[in-house]
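Common to both upcoming complexes is chain A, partnered first by chain B, then by chain C.
Up next is the complex of A and B:
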């Protein structure tokens, strides 16, 4: 409750968590609320501008863009959430284990995450798509694997500091087994930073799913995805520029909402960590009272 | 310092060996017979057999491995499946084109973000700061393929001011460089701003103000010098992300760079080109990473990696 009250004080975060919620509802119900069949091709009705019957127009195959944008929300959410689960379900146990045990395994795993973190996600993803093939499954594996090092690092970091706590020492002295210490004593401390990291990863995954699909390496036609729709819209840009509006706005809105909610969660759950968005600056001007500035450390 | 550079070089060699092993493994992890993959799907059996023999896919794995490593180290990445040209020649020109695009975009992003980030920190909480903050937030939420297409429509189709594809004249550079640079600038500005706000909160700033140093000098000299350390790391990592972003930009603006080559070769399953482009991208990232580490210790000698 305390958490909810503090979260509710962040009005921007609160407002955009409703946007995120609305997007989730759209994603869950897309096939029922779509006004037309998103796959129904009708070449005679191609490239219609936005109107009362087709809110966002129709693409070059005569498919209703609004229906496709709705269904793309579902496709994107499925990919983003599966990739996050993939990264968390493997990254967190590995991070907890190597952080708790230490030794050779830790050295090897951490060195590997160091190497992987050098490369930008999109490139790792392309390399993995080479192996897994261009498909939704390929994108999930690619994104999940590329962000797994982040989850390993964060989990390990928290585990390292928690395992020095007195209550862990007490549990060891009382003869608790390693799995039970990890679950009962370490995991409760890890859940908050993991939730924050997962929320902050969400926009990254949405953007990269769209980027890979734009490049033709992600979601394959006829399945709709915002990036893939933009790629198709670019082909008829000169004659039907309005086709880029729908997918662009949907993409922007979901990434913005996920970013702002992630920032708000970060500040509510980890008040010690300074959020990336510095909020509520004092009213006085820049030149006065420098001591009153937020000095993060 | 010297020891650290040697250590980093050792790390690079290790990473390079891992990289070559991975590229070699690609022959065998990718579904299908590597000889068929190299010959093309409709190649006659004679050609497939000839390729199998030439590449030594019928020999034991360790022999293949060392042959491949020897080939890569002498710059022989084989020939492209698509046009049968030596891969190295194709890739090198592409690397140079990508380097031009990424460096110019990076330069743009560095100047824009340093200017707006510091101004924003200087006018912390004022309308100017709010405008910059909101603009950079919007910027990071708009991926380059959205802004890129919008720019193509506005400047290329609607106004007909700028060319939208290729790299023939200097005016071809404007749209891709600005699109990529603006996205990176949005990311950097947020971070430069928070680094500068941190630096402006330090005691020596109070001292500087007390002795009457002009505000401009305080921000751009005293504070910026002290915010430089995190900012340099940020730019170093950011250059990597600019290169990553160039993959998409090159596809949008038909820029003949390494990223587009890589994407096209994935689509056409041109394995030698895929291997060579992964190799060059990886080498660039590993080198960049090393340069950032060295710069880091050079700027702040208190940091050591031992």
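Up next is the complex of A and C:
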């Protein structure tokens, strides 16, 4: 309750958390709330401007753009959340383990993450998608892998400090196993920065999903995705400028909402940072959590 | 000897006649000077004509490298480096009298020896186009300016094939000195412009050939061909006057461009037809019933309407062949607007005969064992206007039939490489491509597209289609000189294609060329060429439009 009370103090964050919530509801219910079948073509009804029948007009194939924007919300959410889970479920255990155990494993893993962090996210993602093939799964793997080093570094950093705490030493003295110490004593104390990092990574993944799809490397037709829809709209921009409105607004709102909610969450979980807005992860560069301790070897 | 003598004046006369009929004025006296900037969509992976048959490369070569004969806007053959030609009684030898006093850009003389070298080298080194010269035995230099083509059998399409741009005569001296690798970035021919610069992926620059053999030509100082992959960017550049002409326009933009009084838009029917390659080595695409069903499942008129705004493409009147190609016959049934008209009921019935039907409530097409039918469809994006959109619609129509179609959009170079594999290495089920007939002669599709001998990687038979009757008719037409008999063979060949349906036939493209109105004398040819080497600028109009070059 204390967390919610403190979170509610950030009015902007609170307002946009409702926007994010609304987007989540749209993502979960898109196929039921879409006014038309997003895949149904009507070739003689193509390129119709916005009207009461088709709120955002129809695309070249006569498909309802509004319905496709709604379904694209689901597709994008699925990819962004899957990518975060991919990065967290691999990056966090690895980071905890190497941070706790140290030694050669830590040296090797950290040098590998250093190498991966050299590359901008989008470049790394493009390389991975080219290898994995352009598809939703390819994008999830690409984005997940590209951000995994960041989760490894952050988790390792906070694990290094937590493992020096007395209660961890006490657990070791009591004969607790390594998995038990990691799960019962370290994870509960490092989860906050991980959650914040995941939240701050969300808009990065949304934008990069759109970027990859815009380049033709992401979601493949006929499934809609905002970046892919923008690319298609761009080709007929002069004749049908209205096609660009729906995906642009959706992309803008989701990224803005995720960023502001991430900021609010960070300030709530880390009151020391109150009053100064923090740098978010660069969209096309390695994402970095400000304030997270990163201890080098 | 039967002979056909053609005056050197004919090209000028013909061009005068035809160009006057075009929308752009030709009566005014050409003015000299200026740099033409022409934007193309695609990059050339090599400028050496022996290793490249890309359509867009042809507009690059024709500035600097000339063929023995040329093709005009009516798809008629006119003399170019060959002044005239005679054909022997047995039709196995064609002798060309060549232009005299012509020099390559490296200063070496153009003569019979040089011309013969190019064709003999093409055969020996297996240049990509050599399979088009089916039955070519050798070329000999009979005298300084007389060269003979020796054929194993009469070849009805020899002259149109010799007008195909990649068969231009490059300098043997430059070839021997620089090799194929050297000529991959440098064109050394006899053309009206000298190739002076090539920046891969950016532009190709040509400057006026002051020693050009057609006195008084060319009119422009230079031509710069730039690469701008995005159609809307090219259109915007043209509207702003940054470029003088461009091709591969978005059909949805045409109406808007036509309202611009400073821009001249021209469209002509082309010989280029979209089709979906079906890999016959994979079941059930080896079954003609299945293939015909797929042909009936696609709403071609809907594609023309939505993707090409009703004007950028036309419904097919015949398989592979289009209006304007020699010996063309309209193969549509009476009352039908296209071959394989859209008929979902017929498609489903044929699929049932082929063993596929919807057996459960899931709506998927399954065989008798309950196995769901799922196919991969590959497409490039931007290689030909509308390709990506057409592929999406093909996917949609086949999905509506209950076939699972996984569409993969591939980068052009990766797609090209993947589609040039032999039968054992080809990994596609289906792929969207387009087919043009640059020689405007049926020999090319008959011998190079559907013949068993044309299986990739040798020819363009990517379907790995094989039909003895198709091959027999093609072989007969290949050597038949009599026009009426040849036309009948071509008709039989097309009729057989309608029964075997080796591919999914899709609409025929209309070509579009947009240029500033001060640009005069450039052309648009149905064979997807856009020559501008004898174009010129109306300086006063250019000034009025505020463009300076």
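The definition used in the following text is that the second predicted complex is superposed on the first by the 273 of 297 C-alpha atoms of A that agree within 3 Å, B and C clash if a C-alpha of one lies under 4 Å from a C-alpha of the other, contacts with A are read in each partner's own complex, and residues count from 1 in each chain.
As a convention for this text, a residue touches a chain if its C-beta (ideal position, glycine included) is under 8 Å from a C-beta of that chain, and two chains touch if they have at least 3 such contacts.
Being a predicted model, the structure only gives us computed values, none of them experimental.
In the superposed pair of complexes, A:47 makes contact with chain C only, with no contact to chain B.
In the superposition on chain A, A:227 makes contact with chain B only, while chain C stays out of contact range. Judged by the touch definition given at the top, the superposed model places A:204 against neither chain B nor chain C.
Contact with chain B, but none with chain C, is seen for A:252 once the two complexes are overlaid on the shared chain. Once the two complexes are overlaid on the shared chain, A:134 sits against chain B and chain C alike. Of the two partner chains placed around the shared chain by superposition, chain B is the only one that A:119 touches, whereas chain C remains out of contact.
By the document's definition of touching, both partners, chain B and chain C, reach A:216.
Once the two complexes are overlaid on the shared chain, A:235 sits against chain C while remaining clear of chain B.
Of the two partner chains, chain C is the only one that A:62 touches; chain B does not reach it.
Comparing chain B with chain C, more residues of chain A are touched by B.
Residues 133-134, 216, 234, 237-238 of chain A lie at the contact with chain B in one complex and at the contact with chain C in the other.
If you check the complex, the residues on chain A that touch chain B are 115, 118-123, 126-127, 129-131, 133-134, 203, 207, 210-211, 214-217, 227, 230-231, 233-234, 237-238, 241, 244, 248, 251-252, 255-256, 259-260, 274, 276-278, 281-287, 290-291, 293-296. Put simply, chain B touches chain A in their complex at residues 15, 18, 26, 29-31, 121-126, 129, 133, 137-138, 140-143, 145-146, 149-150, 152-153, 157, 190-191, 193-194, 197-198, 200-202, 205-206, 209, 215, 240-241, 243-245, 247-248, 251-252, 262-263, 266-267, 274, 278, 281-282, 285-286, 289.
Of all residues in chain C, those touching chain A in their complex are 230-232, 235-236, 250, 252-253, 255-256, 299, 302-303, 305-307, 381, 389, 391-393, 395-396, 399, 406-409, 411. Put simply, chain A touches chain C in their complex at residues 39, 41, 43-44, 46-47, 60-62, 133-134, 216, 220-222, 234-240.
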